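Each structure below appears as structure tokens.
Common to both upcoming complexes is chain A, partnered first by chain B, then by chain C.
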Partner chain A sequence: MTGVFGVEGLGVRIGEARILDDVTWSVDRGETLGIVGESGSGKSMSVLAATGLLPAARGLRLEGRSWLGGDAPVDNLLALDAERLRRLRGPRIGFVFQDPATSLNPLLSVERQLTEGLEEHRGMTRRDAARRAIELLELVGIPDPERRLQSYPHQLSGGMRQRVMIAIALSCDPEVLVADEPTTALDVTIQAQILDVVAELQHRLGTAVVWISHDLGVVGGIADRIAVLYGGQVVETGDVRDIFAGHRHPYTAGLLASRPKLGHRTDDLAMIPGSPPDPRHLPSGCVFYDRCTVRADERCASERPPLAQPSGAAAGHLVRSFCAEHPASTSAGASS
Partner chain B sequence: MTAPLLEVRDLEVVFRVPGESATLRRPIPKPLEVRAVAGVSLQLERGQTLGLVGESGSGKSTIAQAIMRLVDIESGSIHLDGIDLTAARGASLRELRRRIAMVHQDPFASLNPRRTIAESIREPMEVHGLRRGSRRERVLELLEMVGLDARFADRYPRQLSGGQRQRVCIARALASDPEIVILDEATASLDVSVQAQILNLLQRLQREHGLAYLFIAHDLAVVEHMSDRVMVLYLGRAMEVADRDALFVEAAAEHSTDVALAPGAAHPYTAALLSAIPPSDPLATDSRQRMVLSGDVPSPLSPPSGCVFRTRCPIAIEACAETVPPPVTVAPGHESWCIRVDEARRL
Partner chain C sequence: MTSHAAAIVDAAPPAPVSGWRQVLDAIVRRPVALVSAAVLLVVVLAAVAGPLIAPYPANAVDLSRALQPPSGAHWFGTDELGRDVLSRVVLAARVSMLVSVVSVTIAFVVGVTLGLVAGYAGGWADTLAMRAVDVMFAFPVLLLALSIVAILGPGLTTAMIAIGVVYTPIFARVARASTLSVREESYVRAARGMGARPLGIIARHVLPNVAAPLIVQTSLSLAFAILSEAALSFLGLGVQPPEPSWGRMLFDARGYLDQAWWMAVFPGLAVFVTVLAFNLIGDTLRDVLDPSGREARR
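Presenting the complex of A and B:
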């Protein structure tokens, strides 16, 4: 398997609840993988589990593996102890989470939060780390970086905080940046700034990016490949083009159709009936069965469809549906 | 010409916050003033939807709270059907409030967890003394109107999904037979597939019951979908107001895949908001000029002089700092608060 970071057959169960089931994705150098899904789809869970960030819970069971490639490959992160995982998070995997207000420490200056990783993981002196911190703030487009270094999080706006988070995430030159809904808490004009910063840095540094979002529009604008998660499973994955123009899964079709589009006047939005499934009571066949209006045949109710490449689909375009062989019918996946 | 159903004129809402250096030893400094709404006028017609769009601090929710009389207003007036809402007291205020209902953003926080769904929906009828003797029937009717069957009546909020709870909040809003429903980010916390269900439901209810909506949202695509008229707000002031068709439809007529290619916006902030929306089809050749605003929204404690948007505006000139721009009529019913309207139209 090539790439710098990925998961293979990843599963998470808590008691009877199947939170994640057989999830596989990977991301290569300089590439952006968009992971899209609604609440409870498992989109955040897959990276938390992959990086050992899931809190211990009674009855928690992990399956499959997550791996790092590159010059120092790690075959299975899930098999590592806490200390060895800690030494990978930061230097090799950087993180940016949704809410910069809660992911920064309110009691520490920007400088301390930026230099901590450099001293800990890169063995820099405080002075060298401080010099590097200024460069990092410049890198993410923060004006007057020397002064900003002395600021505390409450003195920064939401957009500035998220830029600081990105600077921290990139401070140790990680191979992969995991961004979990990094613009969801921001206003749209600030979101546009952050999207630009990440795209620019990725272009310059060649970092692989895993971008998690509920918003297919945001992901469509920045990702090279997309994985659509539903009910804890990857239901469709492929190039941006495959997902937007050649999608085969009724859920992807419904998701694309249910968003109002600027300038496209419609009386009624296409919609997916019902609501996302409860991980404790997943349908025994296809996870989308309850809400699907296509339903190829009787297997949909009883058999779990495999994630497979439908005939005529591009390489790497995989769909978990019995309906995938009939691309024309999937557009009816969303009913009015 | 009849008066609009709801008319807000020159509304100002001021919040006072303690000064920064307030410590026990020093005298308490003069409170700082935040002009959350700084002179906004708007009209809402019967059966119509007015969309209010803006980012944090734009004052869109404060306008809603002022209309509901949940915050005190500094100056200006609010008239419902020609009656002054700001002067009303007691029974007449209660009657005015009956005619305006509100649905909030978070359906998890706006339902009492210890009351059944039926109890929550019945409450407005009790407050306003409506339908004595037939309230249970009305609750079931309201549930049916919002697409929930009678089984939900005796359940508790925790047994419902987010979308179902928002349906309950809508049913409760309709329980007092209002003419206006204020929807304050009513679908913002819902998943995309569920949001579409709620938007469709709201439009059906409007058609069937002739409701007027004040539709507040930060998502311009959702606002466009729902509104007849749209007002764009920034730092407590109106930037632009126009019929939806004037703002959005020009491009759709050209069969382009993305309307922002040629928006009808006549204000640089509206143009920037349109530009910030990710394209609905990333594969379409994107010939529109992307416009990313620099900087942040200034602190409402010390807004810029003159035009409040000038510090982030790509076409600001010195004159913009001097006076608050008056509204410029771009076309009938289309106003822009920008002294460089012609340049703004070319953005």
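Presenting the complex of A and C:
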């Protein structure tokens, strides 16, 4: 397995509910993987489960494995005890979460929160950590970092807070940065700034980025490869170009069709009718069957399609559909 | 407060407004709270510097002056042994404050630790701790304190331990309830994402954010602890005579209610005023520390 971080055959069950099923993805050094899906598709779940951050729940069961590559590979994170897993979070994997307004502790100064990981994992003294914290704030483009260090979260704007979060996540030089909808709570101009900051840091530091979003437009702009999740499964994965121009799965087609387009003033956006499947009662056939407008194969209703490379698709472009052999245009199920 | 100003990127960060400053301001602005604070200050002063303030020693027995009504020489009158009631009320403040502060400290440390760990860890540790707390809650406060004193024997130290144990569950419950909600906050998840130690997260992120209800509970518990101490002393299980204590003075006054009302009224007033002051301060703190009333937080 090449790359620095990934999951293989990852499954999460909570009692009867199948939250994730056979999810496989990986990300390489300097590369950005976009994980796309709607709410409840399991896109955040796969990362949280892979890093031991899932909240304890009755009847929680994990399958498959998650791994770290690089100089000190870890074969299966899921097999590690909580203490060893904890030591990997920060130095090996950094996280940026969705809401910058609540991801910072309101009662602690920026300095205290930035130096926490450095003192814990790098064994730095308070003073060394503070010096490093100033560099980090400079790195993410915060002006006047010496003074900002003493600020409290409520004194910062949303974009600044998210920059601080990125600085915290990168403070221990992780190989992987996991960004879980980091721009969803921000307005568009700030969103663009944050995207730029991450892209630039990635270029400079060679960090692998896992970018989780429901917004295919955002992911399309930043990702090298994309994994589309639906109903807890990867339904289509491939290079950005393959997904945008050569997508094969009806769900991907629906997602792309439902993006608002500049210059097309329409009263209602295209949408995919219906709602995601209940993880407790997944359909026995294709997970997208209930909402699919193609259903071109009699196995669609009864048999779970495998994740496979359709004929004529580029290498690494995998689709979980019996209808993937058709060109993308005819499977644009939800264009209205 | 200055959140819109801080939104401007180049603006210099305003000096952090300390939460304590806000609390002090709020107390000064409220007359009731100000008076309560003043009363508590007097009580604390009496507790610390009692021997310097009291006009007579606590045990200056003078049978020729027994049961004298309030007068210029003895503002609060004298008791059946001719001891000055004012002096004894002032000197007894030390015992009351000592017992309430020490016992509430015991209850706070044990209860909050239990509540934080149980609430953060969840699972069987939580169930175990909280069921134990439920069992303790099932006993009437005084009955539980009496049983502990019965086991350990009467005295000042025992009274502190007994009252401390009795008030531990309430702290555990308050700490756990707040921890359950703070545990789900994004900044706790973010700290876990950075690989912070569980105990570090509890100390650094959870405790400061559950402090407000705990501070309120502390002030209310101080009041109840004074009452409990008075009750134990009244029953002869707290401070042993001749050491003065408000509860013990009330007990001694029992036999002279029809001849010397001042023997009962003044120690009773001392208890009443002190407990009321703690309660009113507690109410003010509850109002002030309530996050919804805070401007600068979000």
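One rule holds in what follows: the second predicted complex is superposed on the first by the 324 of 336 C-alpha atoms of A that agree within 3 Å, B and C clash if a C-alpha of one lies under 4 Å from a C-alpha of the other, contacts with A are read in each partner's own complex, and residues count from 1 in each chain.
The rule is simple: a residue touches a chain if its C-beta (ideal position, glycine included) is under 8 Å from a C-beta of that chain, and two chains touch if they have at least 3 such contacts.
The structure presented is a predicted model; accordingly, all values stated were derived computationally and were not measured.
Chemist: On the A-aligned overlay, A:Gln150 touches which partner chain: chain B = first, chain C = second, or both, or neither?
Modeler: Touch status of A:Gln150: second partner only.
Chemist: Of the two partner chains, chain B (first) and chain C (second), which one does A:Phe95 touch, if any: first, second, both, or neither?
Modeler: In the superposed model, A:Phe95 contacts chain C only, not chain B.
Chemist: Looking at the overlay, does A:Leu78 come into contact with chain B only (first), chain C only (second), both, or neither?
Modeler: neither
Chemist: Look at A:Arg259 in the shared chain and tell me whether it touches chain B only, chain C only, both, or neither; answer first, second, both or neither.
Modeler: first
Chemist: Contacts for A:Met160 in the overlay, against chain B (first) and chain C (second): which applies, first, second, both or neither?
Modeler: both
Chemist: Would you sort A:Glu120 into first (chain B), second (chain C), both or neither based on which partner it touches?
Modeler: Second partner only.
Chemist: Residue overlap on chain A between the chain B contact set and the chain C contact set?
Modeler: Residues 157, 160, which sit in both footprints.
Chemist: Show me the residue ranges of chain A that touch chain B in the complex, using the header's touch definition.
Modeler: 38-39, 157-160, 187-193, 196, 214-218, 220-221, 240-241, 244-245, 254-255, 258-273, 275-276, 291, 336
Chemist: Please give the residue numbers of chain B that touch chain A in the complex, ascending.
Modeler: Those residues of chain B that touch chain A are 55-56, 161-164, 191-197, 199-200, 203, 218-222, 224-225, 248-249, 251-252, 256, 258-260, 272-283, 290, 292-294, 296-297, 312.
Chemist: Okay, in this complex, where on chain C does chain A touch?
Modeler: Of all residues in chain C, those touching chain A are 2-3, 6-10, 12-14, 16, 19, 122-123, 185-187, 189-197, 200, 204-205, 208-209, 296-298.
Chemist: Can you list the chain A residues touching chain C in their complex?
Modeler: Chain A residues touching chain C: 51, 53, 56, 86-91, 93-95, 97-99, 101-109, 112, 116-117, 120-121, 143-144, 147-148, 150-152, 154-157, 160, 165, 168-169, 171-172, 178.
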